[in-house]
Amino acid sequence: MQTENPIRKKTFAFAIREGLQQAMENDFSVILIGEGVPDPKSIFGTTEGLQEQFGRKRVFDMPLAENGMTGICIGAAISGMRPVMVHQRIDFALLSVDQLVNNAAKWHFMFDGKANVPFVVRMIVGRGWGQGPQHSQSLQAMFAHIPGLKVVMPTTAHDAKGMMIAAIEDNGPVIFIEHRWLHYVEDHVPETNYRVPLDKAKILHTGDRVTVAAFSYMALEAHAAAKALHSFMGIDIEVLDMRSVRPLDMDAVFTSLRKTGHLIVADTATRTGSIAGEVISRVAEKGWDMLRSAPVAVANPDHPLATSHHMSDGYYPGEQTIADAVIRMLGGDKVSGDYEQLCAALRHVGPHDTPNRSFSGPF
Amino acid sequence: MQTENPIRKKTFAFAIREGLQQAMENDFSVILIGEGVPDPKSIFGTTEGLQEQFGRKRVFDMPLAENGMTGICIGAAISGMRPVMVHQRIDFALLSVDQLVNNAAKWHFMFDGKANVPFVVRMIVGRGWGQGPQHSQSLQAMFAHIPGLKVVMPTTAHDAKGMMIAAIEDNGPVIFIEHRWLHYVEDHVPETNYRVPLDKAKILHTGDRVTVAAFSYMALEAHAAAKALHSFMGIDIEVLDMRSVRPLDMDAVFTSLRKTGHLIVADTATRTGSIAGEVISRVAEKGWDMLRSAPVAVANPDHPLATSHHMSDGYYPGEQTIADAVIRMLGGDKVSGDYEQLCAALRHVGPHDTPNRSFSGPF
Amino acid sequence: MLRIRLVEEALAERYADQEMRCPMHLCIGQEAIAAGVAAALRPDDVMFSNHRAHGHYLAKGGDVKAMVAEIYGRSTGCSGGRGGSMHVIDQSVGFMGATPIVGGTVPLAVGAAWAAALKGEDKVSVVFFGDGCFEEGVVHESLNFAALHKLPILFICENNSFSVYTRIEERQPRRPIHVVAQAHGWDAWHSDGNDVEAVNAIAIEAACRARAGNGPQFLEFDTYRWREHCGPNFDDELNYRSEHEITAGKAGDPLLRSRSKLLQDGAVSDGELDKLKEEITDEIDSAFEFALSSPVPTYADGAGKVYAD
Amino acid sequence: MLRIRLVEEALAERYADQEMRCPMHLCIGQEAIAAGVAAALRPDDVMFSNHRAHGHYLAKGGDVKAMVAEIYGRSTGCSGGRGGSMHVIDQSVGFMGATPIVGGTVPLAVGAAWAAALKGEDKVSVVFFGDGCFEEGVVHESLNFAALHKLPILFICENNSFSVYTRIEERQPRRPIHVVAQAHGWDAWHSDGNDVEAVNAIAIEAACRARAGNGPQFLEFDTYRWREHCGPNFDDELNYRSEHEITAGKAGDPLLRSRSKLLQDGAVSDGELDKLKEEITDEIDSAFEFALSSPVPTYADGAGKVYAD
């Protein structure tokens, strides 16, 4: 007789949906809105069936009016609702920066705590299949600069569900960023109604040679690099899935650095002004003595992404980039047979511009 | 008989006006638009008389419609005009982030260089007299994260004019950020039509003990600290007026660091996700060997500014903060009589929430 | 109305003391709109406002002590001193907040109406904004959504024909503002905004229609700002409006008109009005006393509460 | 019209080859609007478009080779391969650019009209957008500014009654779109968008009025999208629109209508039409050949030109 929970493998998209569903079951004030929320594609499956379950009074489509609708959600939030809004691409959310920054982030502060804005804004980072310059931006750093906003980027399906529930229960605005390629990735997703804190990193792979603090999809890339480095070169790096962008769990980074003394930060954004830079600067300021070498950012190059799949091939850093950075940092040699084996293992199979479905957790 | 140019002392606001004026005289395609541009207060005097000189076809007021008007300027720019737009507060420009980021920044790139967007957007950072949470933000980091945008923050009146002319002549979008308190500050402003590059820092004070890379108004604070440190404690720090936020003149920082080995970055923004962090991270990554101690960011605390003048007293770091950071970094002692003299010299006279008019250059 | 006028005149008078260190937009001359609309509302109806908020706040029943203290930057202020004149709030009377980003609160008011509709509450939501604000796209997005869902909301457009120093003719084509709302499917109303009875009559009917499920109501009221856009003074010397215009504008004084009407109708006597004025003056004096005697806060008082618990 | 249809059908057919690796929004069923409007324009009039741009680009005279190569991601594409289907440009024929942020190009078109007016050029500017786009605030900001300055601009609203899978009734109150523009002071026009002659007649008159200084013109055309919102296929199986509706929508086929009309009028013969089709098919084939035989670019080709020289 099996008493332990079996592994319940579900995709990140499923986990988001289940998190939304359970949060809506728990609390009648949770409402869900976004362009396409109730449509047949249901935001990549993440809102499937929710209108059927919760009715048209709680699950809505919306006009194309990002700033206005954001303000409307803020107005609803200070009136006792807990809205969740979805943007199919984070690029569209740029239209609503005014309401997010001037109102949502500051309402609680500027009215001396007299009102709360419980409001979750889901933003999806596009990648692949010619997303191009206006559908592939990864703009977490813009939002993370703003006091009053929390910004999270769950990586695993497990955390997606738990952080969704926690974000909805949070009494302030939470920018909830989902990397499009994560939607396909499976993990153990318990059926229970659980929370994952919005301010804690998690160790994906334990090691004592180099700390890799990684965000969102890059945490998967780092994890794959860690496994290959372990298997083929006997190098154990510590991979932190940062999970939260604001606040940053610097304690977790410092704890790991105390062991390793070496830091790589892997981000999904363009390098300049990125959150990777922010982590590095905090370590330089407050963890100077822990560092035994120059820290390294692994991030996208400082230009927009061209649409052509030929041109996007080479834009994104990945497992190999991270593994190479580790080896370089440790002064390792790249000509050994071990290294060749590692490269062979990490070599990408299939097209570069569709999600690599070999990632499968559980993490 | 005097042949050398005499010092022509003019305010930063005057210099902006003269830069605009000369650029408009040079090139008929330059047009100027913004809420209040032709009104009696003429954007703090920076647009005074320009409508009279250039007519109502080139100098405009505009409706309250930041995103739309930004798009309209972009449309005019790709049609051969060189628009300059003004926001009386950078906070209002948040409404136009979509057009700036999705269109202005990317148009040249995404159409393979087939079109240019020569477009200067002036944004003014508010401070003092109860500007409060929605009128005091300093959001350069948000814009500096975006490939395709140039972002500058001139400090001196001399540079304000020269960089304005250069920005208008640039064939791409330039975010031109003016700290409100700089408008009053005088400097030598030649009458000639000159340019100051958009990508170069400038040394305000030479020294070999600590490098202070400072932005905008903080460069003045750093300069005052440098003078006091020199006079009272015999410490010579090197103050870099960074002038440009994107691109960052890291060469200038590295050149200085090679002498000093110590870095402080002084920014006008809230700390997390700031450009101060960006500079530090780049130094940590690429200038690791030059650093002899942990770098330090001097920036605003990570919360919005309360309106109350009682509460804003203590929010902004200043000369004293920088001087203290220098002394701490050098392991200096703060109990000496010299230090007390320095503090006395730096002690603020008059209200903390109005510009300190004792700053007067020339730099 | 008289109360709003007297409070603002007192603020203007004492502004020179340099203890009210924040931008301040007075509504002197425009009081009838705030008063007439607020009198048509129930206590649990909700209200949002903009940078020129004193009149709205007071008309809805906001505490005058807390407002004055707010402007003085004391923790006893209605926003704990964090907001100043441009960010006032008194949720206990349904005044949900005012902020100075033009257009910023318009969708919030729609959101409050939406929340009321979703919860089945018998409430209307009201937002005040200016003619300039109508140019912001977010207002149109709000018009669309409110019409789509037939929300119980009143938009009150105070058309003083200026945005700062810029005339409406420089900013908008020559068509009445309310016709645009009408095109979006709103009920639209337009009247002299300096006639408090006319304002009130319209507001009563509009609120009634909104409450009865007839959808959103757009009320455009013409009025005139007497003093400078921001600050306590007159600004006639700037010459952006002619002496003639200013005189004509002030001749429409809503207070004077309402006073004559009341006296003529015999609704009140001169003596009663004087007594009322005295009472209000006392109230105001004690509000200023309250503000000035409130403890002086420090930086730390304005540093926390960035995130809700 | 036929050319647009044939090009898009060829794209749809070959999309399965997985060499066109980018989002693609076909306008099959909506061609009459692009064709009818473009035929009313002069070569130096300028045009802007959105995510569903192929028809507009081709109708304005855009190079078919360069468009196909663009979709294939080659450097020989009209945007050097950087844009794909959603960002096409051909400035040599006045096609100033298309981008997929909904509403993004609307103010740009107004800016182009403004520039033309400032320079005294005898040009009109045209922008195409959908019924969904009309909900974006930036469109209203654009309406206001264009009306204020009486700019020579045509807004072409292609009302296919859907935004992705969402019906207009879920997004907007029940009022015609063009009446809102009218309220802003625009001349407004409305007609069946599948009747190319009607579209053309209106566009000619509107362009003429705009050019003559009568200010901005808003043209709303009703039409129907046959295929999925994004991608090459039909999506009837998703059941967000009824079989009946789809059949009725397709019955309005602008090509069929125009073909019958032309044949009936004796303007062309069957044989001439067949020949035309053959010519176009040849042109299309060679466009695909061109695309496929263009050199394959690499990452470096898409990395520079971030800043203008």
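All chains are identified by letter, namely A, B, C and D, in their written order; residue positions are counted from 1 within each chain.
Simple rule for what comes next: a residue touches a chain if its C-beta (ideal position, glycine included) is under 8 Å from a C-beta of that chain, and two chains touch if they have at least 3 such contacts.
Only a predicted model underlies this, so the values are computations on that prediction, with no experimental measurement involved.
Student: Among all chains, whose Cα centre is located farthest from the one for chain A?
Tutor: Looking at centroid distances, C is the chain farthest away.
Student: Measuring from the mean C-alpha position of chain A to the mean C-alpha position of chain D, what distance in angstrom results?
Tutor: 36
Student: Compute the distance, rounded to whole Å, between the mean C-alpha positions of chain B and chain D.
Tutor: So the centre of chain B lies 43 Å away from the centre of chain D.
Student: So, what's the distance in Å between the C-alpha centres of chain B and chain A?
Tutor: So the centroids are 33 Å from each other.
Student: Enumerate the residues of chain B that touch no fewer than two other chains.
Tutor: 62-63, 65, 67-68, 91, 95, 98, 102, 109-110, 132-134, 147-148, 302-304, 306-307
Student: Two or more other chains in contact with one residue: find those residues in chain C.
Tutor: Counting only residues that touch two or more other chains, chain C contributes 79, 81-83, 87, 99, 101, 104, 135-138, 140-141, 144, 148, 171-172, 306.
Student: Indicate which of the five shapes (line, ring, star, complete, other) describes how the chains touch one another.
Tutor: complete
Student: Over in the complex, which chain B residues touch chain A? Could you list them?
Tutor: So the residues of chain B in touch with chain A come to 67, 91, 94-95, 97-98, 101-102, 105-106, 109-110, 132-134, 137, 139, 141-142, 144-148, 246, 248, 269-270, 272-286, 288-289, 291, 293-297, 302-304, 306-307.
Student: Within their complex, state which residues of chain D touch chain C.
Tutor: 135-141, 144, 147-148, 171-175, 179-180, 182-185
Student: Quick check on the complex: what are the chain B residues that touch chain C?
Tutor: 35-36, 39-41, 61-68, 91-92, 95, 129-135, 301-315, 351, 353
Student: Please name which positions on chain B make contact with chain D in the complex.
Tutor: Contacts found on chain B: 31, 57-58, 62-63, 65, 67-81, 98-99, 102-103, 107-118, 147-148, 150, 170-172.
Student: Inside the complex, what are the residues of chain D that reach chain A?
Tutor: 18, 21-23, 73-74, 77, 79, 81-87, 99-104, 132-133, 135-138, 163-166, 170-172, 238-240, 296-304, 306
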